[in-house]
Amino acid sequence: MSYDLVIRGGRIVTSTDEMQADLAVRDGRIADIGDDIAAGEVEVDASGKLLMPGGIDPHCHIEQMSGMGLMNADTFETATRSAAMGGTTSVISFAAQHRGQPLRAVVDDYLSRARRGAMVDYALHLMLTDPSVPGFADDLAALVAEGHRSIKIFTTYNIALGDFDILQIMELARACGALVCVHAENDGLIRWTKRALLDAGLTRPEHHALSHPRLAEIDAVSRICRFAEYLDQPVMLFHISTREAALEVRAARTRGVPVWAETCPHYLLMTAEILQRDGLDGAKWMCSPPQRNADDQRALWRALDRGDLQLVSSDHAPYRFDETGKLSAGPDARFDQIANGLPGLQTRLPLLFDAMVSRGGLGARKFVELTATAPAQVYGLPRKGHLAPGMDADIVLWDPDRKLTYGEDDLHDNAGYNPWAGHTVTGWPQAVWLRGELLVDGEDFRGSPGQGQWIDRPDLATRPLGVPAPEAAAVYESRSC
Amino acid sequence: MSYDLVIRGGRIVTSTDEMQADLAVRDGRIADIGDDIAAGEVEVDASGKLLMPGGIDPHCHIEQMSGMGLMNADTFETATRSAAMGGTTSVISFAAQHRGQPLRAVVDDYLSRARRGAMVDYALHLMLTDPSVPGFADDLAALVAEGHRSIKIFTTYNIALGDFDILQIMELARACGALVCVHAENDGLIRWTKRALLDAGLTRPEHHALSHPRLAEIDAVSRICRFAEYLDQPVMLFHISTREAALEVRAARTRGVPVWAETCPHYLLMTAEILQRDGLDGAKWMCSPPQRNADDQRALWRALDRGDLQLVSSDHAPYRFDETGKLSAGPDARFDQIANGLPGLQTRLPLLFDAMVSRGGLGARKFVELTATAPAQVYGLPRKGHLAPGMDADIVLWDPDRKLTYGEDDLHDNAGYNPWAGHTVTGWPQAVWLRGELLVDGEDFRGSPGQGQWIDRPDLATRPLGVPAPEAAAVYESRSC
Amino acid sequence: MSYDLVIRGGRIVTSTDEMQADLAVRDGRIADIGDDIAAGEVEVDASGKLLMPGGIDPHCHIEQMSGMGLMNADTFETATRSAAMGGTTSVISFAAQHRGQPLRAVVDDYLSRARRGAMVDYALHLMLTDPSVPGFADDLAALVAEGHRSIKIFTTYNIALGDFDILQIMELARACGALVCVHAENDGLIRWTKRALLDAGLTRPEHHALSHPRLAEIDAVSRICRFAEYLDQPVMLFHISTREAALEVRAARTRGVPVWAETCPHYLLMTAEILQRDGLDGAKWMCSPPQRNADDQRALWRALDRGDLQLVSSDHAPYRFDETGKLSAGPDARFDQIANGLPGLQTRLPLLFDAMVSRGGLGARKFVELTATAPAQVYGLPRKGHLAPGMDADIVLWDPDRKLTYGEDDLHDNAGYNPWAGHTVTGWPQAVWLRGELLVDGEDFRGSPGQGQWIDRPDLATRPLGVPAPEAAAVYESRSC
Amino acid sequence: MSYDLVIRGGRIVTSTDEMQADLAVRDGRIADIGDDIAAGEVEVDASGKLLMPGGIDPHCHIEQMSGMGLMNADTFETATRSAAMGGTTSVISFAAQHRGQPLRAVVDDYLSRARRGAMVDYALHLMLTDPSVPGFADDLAALVAEGHRSIKIFTTYNIALGDFDILQIMELARACGALVCVHAENDGLIRWTKRALLDAGLTRPEHHALSHPRLAEIDAVSRICRFAEYLDQPVMLFHISTREAALEVRAARTRGVPVWAETCPHYLLMTAEILQRDGLDGAKWMCSPPQRNADDQRALWRALDRGDLQLVSSDHAPYRFDETGKLSAGPDARFDQIANGLPGLQTRLPLLFDAMVSRGGLGARKFVELTATAPAQVYGLPRKGHLAPGMDADIVLWDPDRKLTYGEDDLHDNAGYNPWAGHTVTGWPQAVWLRGELLVDGEDFRGSPGQGQWIDRPDLATRPLGVPAPEAAAVYESRSC
């Protein structure tokens, strides 16, 4: 009995292991890894190349409105094409509730859009902004039970939830078994600082960085960790940007609090200085939280190395650099009138491969862990993120020697610019398979809309990746009566 | 040239020293301390007694409405009579703004009430609840310049200010040189927990303690310390009740943040168990934050000893235990319908004297420091809190041997009950002088309304009592551009 | 082309993954893992069983003299038979220098003993006690270069090295690329306490626990971590027994110090109470450091979970419970006259399997990590500790359902007693292969002396298992001139 | 009845207070402080001047041999003359045991020398180097009972004690109520680093600083604090020089350990750069531990401010800068051949007055606390260190306006050079009284040998200056059986 696909002679890399072996695929799954594998209908020579699991990007915004009410530039089609071309075969984007919208309708809408457009596999975070809509708690419980196992909330922007509502949602999540993801920055501190800056006439893109003080992140991360401890509810802290916030997460984990955290390439590899470009050019890189400094970069790498932070997402949030996007307030826009976010789905993996594998950072296994294995475990994607018999055949063939400098407009998303233009990377995703089907072949994209499938998440892994033992967590201090 | 008053043969205790010496008073001030002092018009024999500075109570509510809109039970006359009978010769109470009220009018009102009624010296904290009234910033600056050097704000209750307003007021305070005092508890966490308790039918006085989780205090204290660090603005944290909050204050001081903190006798000497009395009886002891446990008591004593907390106030907040006060919602009241607060002006000093001096705790000098010297320094009362030539002759003659058990109704305030009934103390304020005039003589009160004077506070002591060096503080991180 | 051995239908467990698959072996190595593997000369049915990598025990004493000069009870033959019967296929024991002995001779002696007797694969730690022998530094460098990549030193016992010698050896190790393993307890504190106990007539086995105060471990671990930081030299802390010492290791790793640490089953699963048995019976469990308390047990599990400690060894140190061993000083021996150590090679894996897999602790993957994968990575055993094509076919077939209660004399080592007698475990190593050869088959041992091979360790993995980034380490502070 | 001496019109400064008042002396003690004091036989006008308590220098080496066997340059006569000229009226120096010497003989010898020569009051620390002499424990207990309440030991130099002996002495001290003072640096680490430096040909005075790594201090301070905790024995850590060691002390005090610590002017006001002078000139400033860097300076000031460190001594250790002293090994001496120590008795107070009072540092009250009040309290000098009726009339009249630049040879000790030459100070001790007798009058010294008296120390203040509550300390963990 033969195989559908056999990839021979590559170096297979998992989060803990590297081996020289052949890999066979049958019916969309990995069937065999070994020395003398039988013939496949398709045979691929991977000599001198690395085989790694397809990337999982658990934090990207697709067909979603910004906090300022601006639609972002991507459709599921453009976003997932871009993902695939960068070696990512699964994404988790958002089903974003607007105030007044019933949750069920929101999810149905996003699922139908994704079903039509997605070219890689996908799941959805439930982005909750209005717990006062009728049927909210019941809808939430039902949707989680159907496999939407993660929730997203904000502590800032005009969609911020107050502490009361945050606790309320964490309690509901606890009852139905969902992970709560949080954008954690102190809203009052940001608004106050923003006001002070504008009063002082400090209105340029670079002042955006000042308007989100590091204290805002530190304070909110600290508080959310405490809420997680109070309710013993698993929480994922999104896009950690500062050294101190990373240490808050570490301290919480030391106490046994079930918290996880991520960071993004633009915090690991950029600093706030990039916002100082001439004119409004710095706006291309504006995002929230903003890029920080070189000390923070070192601290974030250290935190990833030690496992204080567990994964790296893109926080892909694409807006065109024109009047339909970042520049909608015109050429004299103040920083508070410019949409926050930058495209990243396609560049996340090459940037990290270059930093971690080619330039001798944390290494190839850790690269696989941060970009594929850990996202699969934390978010509960049962057959993703690992190369082993039985897993989905989501595979990337990396050419470790190919060197390339990003250009101004070489991404396949719809943002229209590449924030990493001029940045050179070594290492390239030469071929990409999604469940055994060839999606990317060198420069050619072979996918088609609707090819991606929704990923059922029947259960949250209860104790993925080093989560502290549950007996350590303080539970419901004041309700134990 | 003779003296108005000479007290001979007593043991004079200051915050750092004890000596056997005579003490002479002229024109309301201490004129001499020594061995063979010339005759006084009045001569007092203090053999076997201790002479200590009159107490300063920097946190008491007089003629003020509760967060729930209930007027408290005391007038300036009853409150200050009670203070004097307990050895306290200076109080700082509140000029409490209600929403919509201009500050100037609030202060004028409280000053005229105090002028008529006060029988000990007094100053006012500006209690700010509505920064949106016209002229707010200008009024505030002018009032501080006139000598009202301290501000009070809340993070909880219906008079809570949000983080934006807190930062705004801290910035105004910084510009005009005022200390900001904060009742710091996380409001959302308290409301959520309260709702959860009531939903569960847990409505008794003892559930009040559960409704203010320790995390609420820890989180808010941590945040306020960070705000103080962000703006380099001196802050006093009121009524610390938990071990962890005391450690947050300590940690902030270690970083060089200009923060101070106090606790109260009911946190040092009571635990939450007292709320479990039969019926609504526990309501007598309900206050916010609530009493905690024995571990917290030990930690608070340790924090006072180490200087992490600097002083002990009463947080006197008197409500009668009847339908005009605590029981206004009737005999079936839920805990959230009962006014928070207990009387303490008269008992603060005897309780602490007993615990610290008679029972061999931190000692007589530390007693003087916590109850008189430190309040004078932190709040900027230039001639108070110390026994030395030139200081106001506010003197208490303590009988260290007199032993007494508090009864149900033996206080001179207007609350009508004594929360310490049954508690025995050793050590009693036998005689009290205010600026050289005899105010208390054994059981007899000799003061008269209006005898107390307003205490001008021309300047905040810039570095009182171990405040970290200013160069250490991080200032205006994000506005340094 | 067929396989030597195919094991079908088992559940393969690695440190990060579990899969249902067949596994094929050729020429002593794993050749294939997959669904439909070709026939093997030998076919094994593993349905309902778990396949895991053979255990690696990196800390066991074989044919070695105790600190008190007593030869331990095992030969390589008895020790490795015992190891194999418990699922362990690789051991690292000690080439123990006595004062005055040249290193080369010591290693030659141990290698020849092991070559004759060992029935599982083995490596040697160089146990250094006398750096003053001629040729010491050169011998050390040569031996490390030949593949003996680890050194063992003591801070206590009569073979203790002082701080000067410790630093000297760490510098030599740094120059030639060896890991330094340390038994870290403060010698003076132990001797002083021991003296105080004996003076007080406290001489029983249970007083042994008191004679090794937890402070002794905490202090020495803290100091060794600082030395590792000073010289940027990788260090392994042996047999951590206290919560605080585990936190010292964690703190050092937070600072970027290249330190690792282990603990042992008798710290995870026993407390000091076991030393209180009647008569001298407690002596059976005496070891150094001693067992601690239930808080420490919880803390050690947490530290393993978080990765602060990376592996679990046996510290196998067998002495017979008779006049040739523990009781050599007779039936009235004082605790300081009794040899320290207990047998553990055979029981380590079943005890941990029971605690971690059967009873729902940290899980099967973590069990594999702690007992096989991590030891291989930390100590640089290139083809051990993992099930993947290319690795040595060291395989254990676990029956997860077999339940067994240990008896008094059911171990295959030569200690003559089982310290876990009466302890029931669920899960049993039913079959064990060493490089594809069947070593254990149910109750039958099939190995033969000399079957074990020496494991060359050409290189220390430079950054195994989450070691902090090197740029973070402070190097040679005072020699940077 | 008149007074012996009245000083009028000065500003009296104590550790907590400043007041404009007259001060009267009778029979060597302060008799009165007040406004209109009766006439004295001697009248002094102190208008525009500050009156402060005479300084107490609790750490100075007089007529003592160095660790290298070199006698230091001062006699009691020269040392105490120098002290007085700098405003210091009490010293605590050492009765230094050499190996083999019985303690009683050592103390008798030093007492008779001091009796003959001392011109200020004095006490002795018992410097213990050999606990093996016959009668050691009994002699120690008797001497402490006679009022020698403090012990000094070393962890480094050729007079170092090992951990066993340190614990032994701490236990003896505990039994008889003595404070144990420790020079705490890790000896092995210093010796190893010294050897490494010399091997590398790094032999200049500036390399001395490298030879005492900061880790050596941190490690030893940490360990001594742990020993103090283990035995609940009060300990004073001498001459803290690094930020991290100060934090170790702070951490221990946080845990409730009875430890105190000091630093010295040359750590607060010098850095290691001063050792880089041409030729051997840097040797003038060589001391142990060495000066550190600007960060440490800031940290030490902060630690004094917060009370983590409680006092500032001189560590006066005078050696002439010639062949009889620092240069005894000739003009090509290596750093390890040069005696460590610098003179400081005379300069301590003017340097600190300038830094703390004139240049606006921690202020005049804190100056008094660190240099007089705290030493008296920590070391148990009952009538010293404070200006109040009943205290010894040890008084310094400071001219706050006098400005002076130190010259090369303007000190009154016998070292022959001034390490602060070229340093300008504002503020000068214009007149000094010892128990009411004028000792210094401007430039004139009026004392005479033998004028100084021995200070009986009947008791250690049990809880001086913020010592943590005793119930908090862990006592005798392993002996509690």
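The letters A, B, C and D name the chains in turn, as written, and every chain counts its residues from 1.
Following the convention adopted for this analysis, a contact is a pair of C-beta atoms (placed from the backbone, for glycine too) under 8 Å apart; a residue touches a chain by one contact, two chains touch by 3 or more.
All values derive from a computational prediction rather than experimental measurement.
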item: Where chain A and chain B overlap in contact partners, by chain label; value: none
item: Most remote chain, CA-based centroid, reference being chain D; value: A
item: Gap in Å, rounded to a whole number, between the CA centres of chain D and chain B; value: 40
item: Geometric centre distance via CA averages, chain C-chain B, whole Å; value: 60
item: Euclidean distance of C-alpha centroids - chain C vs chain D, Å; value: 51
item: Chain D residues counted as touching two or more neighbouring chains; value: none
item: All pairs of touching chains, each written as two labels joined by a dash; value: A-B, A-C, B-D, C-D
item: Of chain D, residues touching chain C in the complex; value: 162-168, 171, 186-189, 191-193, 196-197, 200, 202, 207, 210-211, 213-215, 218-219, 222-223, 226-227, 229-230, 477-479, 481
item: Residues of chain A touching chain C in the complex; value: 1, 14-17, 19-21, 24, 26, 31-38, 250, 253-254, 256, 298, 301-302, 305-307, 361-363, 373, 386, 388-391, 463, 466-469, 471-472
